[in-house]
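Two complexes follow with chain A in common, the first pairing it with chain B and the second with chain C.
What follows is the complex of A and B.
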């Protein structure tokens, strides 16, 4: 078991020239937890990981590993290990030497080295390929070598930089499960960067959603999915993501531009209504009319793309078997308890308590 | 139908390619054949024929024997070997280090440095031969110049009563012949291009494993660069071997001259005499034996190395 190390980030900023990749970010990653940093490409998530690792220097702010301030330490003194997107294995070394290179540099005696390599090879299922070169391995095996190379040093902190994005869907699924199990066994504080929300939802203890170098939300997968704090999070997580409908709260009703009433609303002025596609109920007597654009049948369920009365697009998922013809009209209900309200200016969630209907 | 058409098409392309290749090969090989045939002729046949002819003579071994006994080509072959080796090793060593610095380190002057290197490629040694000679004739010249310019010499003269003048000539040495040829950064491009094909996370992975820049270079980059290193070494070895103008200037005694310079000396005999062309050709074969053999043995490495890829 690795030492318990929590990561505390305080007002961290990183600038590249005049471009601010991370702006004044603060967060605490719990010891032994699996934290996923999720965001679209170019949001600063990899930069954040590199700053934690010591591959990039912070422009301002502090990073603590437990109570040790590390932002000015060189990478090798921080006790992190990292798994990279393109594996970054040493092509001229065999698997055993790849895994053992860090130990060799740390002057670990040869017998101990072999023993530790043997142990991680067993954990990662690589015993039979220790003599092979990386070029003789499959993508999944290469990624396992990269993981073995990271954990062989028993690091305090394990960092993953989009490690599965070069793998095919099936392998990615298997590796997710393997990594989750591995994390249970070794228990090092892990930080995993990805743009894949499924990876985030399935593996994370907590998800840090960032965009443009700022935190959008930091919470458990459940919180991030069921209680998004901003339109960004709502529109980023879920497949298909949450519907975000612009309208006006007026006298207790939420109205579209053309005056159609969608639901009750305890808020006056411009607001954004959010509803998950799976929360929309198809109902012959439903209050809202939708015009169907097209219908994707996925077997287990169908995804209907439709248009509201004022032309705003929205999507809903329907249970097994039910579908709809293009350009037909369907009627739906928006269950009041499943609605999310967002400020149309800031995109931030309007807390439920201030919503007249809920209280 | 379509398939057979394509096959026929491919055949005619094949035929055209063969013709072009044969034409190109003869253009290159016929002069070599003439040289080889001439090397077998005695001097008399050459005089009687009134020039080059395709008659094979039986005097190849005689000519070779003369090369070994009457000329200094054997010793000069040793000189060439030493000079070309020094040139190749220096060039590859410096260019490897320079490219390593350019690719794996961030610095404000990276672009400027690279531009300066490009500029030196544009200024070949043949253009700088006089200045280069002055410096090699006295490598302390820049030091003297600095001492003069800064007034240090003036001060020393005041205090000690004499004016220091440093002198160290590298003419007629292997190093003096090799160093100016080696001061060239063509291979920086080759290594830079090669390093850029390495995975971008490779240096990061090495840092995370605890390797410093020198460890990373020795343990990772150097073994991965084996093919381009071997290729450029051979390339520069052959280049230095055939270099003529600078070695001619840098070494004035036959004992220190390179084989190519010595070979040219066989040609300029007495003004009234017709040059010993068969001997010259035998000498040419003798001198080019080592580089030709090297290329023949290592041609696959050269091609692979100049492919500029890590895979």
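What follows is the complex of A and C.
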């Protein structure tokens, strides 16, 4: 079992020339936790991971592993291991040598090396392919070799950069489960980068959502899903994501531009109303009229894309079987408890308590 | 393409082998089959063995140095040492100069009275004089050949290094390998196809291209010190009109080169891998 190592990041910045990939980011990743960094392409996820690993140097700020300051140490002195998106297996070495390379460099005696390779090969189900070259493996096996290579050193910190993005859906699902189990077993502090929110939601102890090199939210999957702190998080998480509707709070009601009232509202002025597609209730007596654009039937449920009275799009999911004809009108209710309110300028959430509805 | 290769390579080679079994009269007048007599004559000739030895030494030293230097330059350029861009341009120049004119340039550079070594010679008379000293002449030829080969090798090796995914170096760094270890354990093994290509080309070049250099720089002298087998064949065949002897030596040279290349191919097979 690896030493318990918590990762503390303080005001970390990384610039590439004039491009600021990470700007003044601070966060603490708990020891032995599985932290997922989630964000759209180009938001600085890989950069953050590389800076933690020591493959890139930070432009400013500090990184601590427990109480050891590491931002100036070279990669090999930090005790991290990393799994790369394209696996980065050494093509000229067989699986055994790939896994054992780090041990060889660390001058671990040959017998112990073989034993440790054997142990991780068993954990990752690779015993039968130890003699093969990476080019003779399937995608899933290569992925396992990459993971085996990372864990064989029993690192304090395990870093993953979108390791499953080259796998097909089924394999991805299996690997998610395998990795989650493996994490339980080895208990290294793990940081996992992805832009796949399903991976994030299913595997994470905590999710760090970033956009443009800044933290949008850092919380448990539940918090990120049920209490998004910004329109960015709300619109990024969930499939389909939360509906964000622009309108005005006026005399206790939330109105669209054309005056249609959608719900109660404790705020005056421009606000953004957020509601999850699955929170919208279809109801013949509903207060809000929607014009259906089209309906995707997915078996377990259907997703209806519709338009509000002033033309803003919104989506809702309905249970099995119910569907709606394009161009027809349906009526829905917005349950007050399921509404999220955001400042239309900053995109930040307006705390529930202060909007007066709930109390 | 195939026809051209056939016409300009296989047929002459075949003819060389064919002729090596005949005695050709220098001024025409038919030829007669003599079996292995030509070979017996050539192989017992001290001059042949000296030229062969010089050739083999040249075949090892020239490609070895040219590729070694190119490899160091390519590794440096690949590491992103800021020299990279200027270096790429400066180093490609010599390729624009044909082999023969490079020879002329080197004759000047190495001229004991006018060239780069003139000041040294002023200090230590007789230190450098390729016109008189056979070793100096051989070295000069070697340097010219190496110089000539560097740009091409550099480009091939650099492009090979650049095609190695960045993440492999990163993975090795995470595994605890410093820059040196990464070169030895990752970069060079993955560069095998390019190294092999440059070795074979350099090898053949050290036999074939060397002719142009010898002809312009030393004409085989002084005292035969730079008479490689190619040049000896030319002298024997076209100056001394010993056509059968030339053909026989050609056949022997071809065999030597073929054996060396075949050995390299075997080596390459053993280290082969798929990316």
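Operating definition for what follows: the second predicted complex is superposed on the first by the 359 of 359 C-alpha atoms of A that agree within 3 Å, B and C clash if a C-alpha of one lies under 4 Å from a C-alpha of the other, contacts with A are read in each partner's own complex, and residues count from 1 in each chain.
To be clear about the criterion, a contact is a pair of C-beta atoms (placed from the backbone, for glycine too) under 8 Å apart; a residue touches a chain by one contact, two chains touch by 3 or more.
Note that the coordinates shown come from a computational prediction; the quantities given were computed from them, not determined experimentally.
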Joint occupancy of chain A by chain B and chain C, clash or fit: clash
Contacts of A:309 with chain B and chain C, given as first, second, both or neither: neither
Which superposed partner A:133 touches (first chain B, second chain C, both, neither): second
Contacts of A:86 with chain B and chain C, given as first, second, both or neither: both
Which of chain B and chain C A:76 touches, first, second, both or neither: both
Part of chain B, among the options 4-12, 76-84 or 148-156, whose backbone runs into chain C after overlay: 76-84
On chain A, the residue positions that both chain B and chain C contact, one per complex: 50, 53-55, 75-76, 80-82, 84-86, 88-92, 101-102, 105-106, 135, 149
Residues of chain A that touch chain B when the two form their complex: 50, 53-55, 75-76, 80-82, 84-92, 101-102, 105-106, 135, 149-150, 161
Touching residues (chain side chain C, partner chain A) in the complex: 165, 167-168, 170-178, 181, 185-186, 189-190, 192, 271, 273-275
Residues of chain B touching chain A in the complex: 199-202, 204-211, 215, 219-220, 223-224, 310-311
Residue numbers on chain A that touch chain C, as the complex places them: 50, 53-55, 74-76, 80-82, 84-86, 88-92, 101-102, 105-106, 133, 135, 149
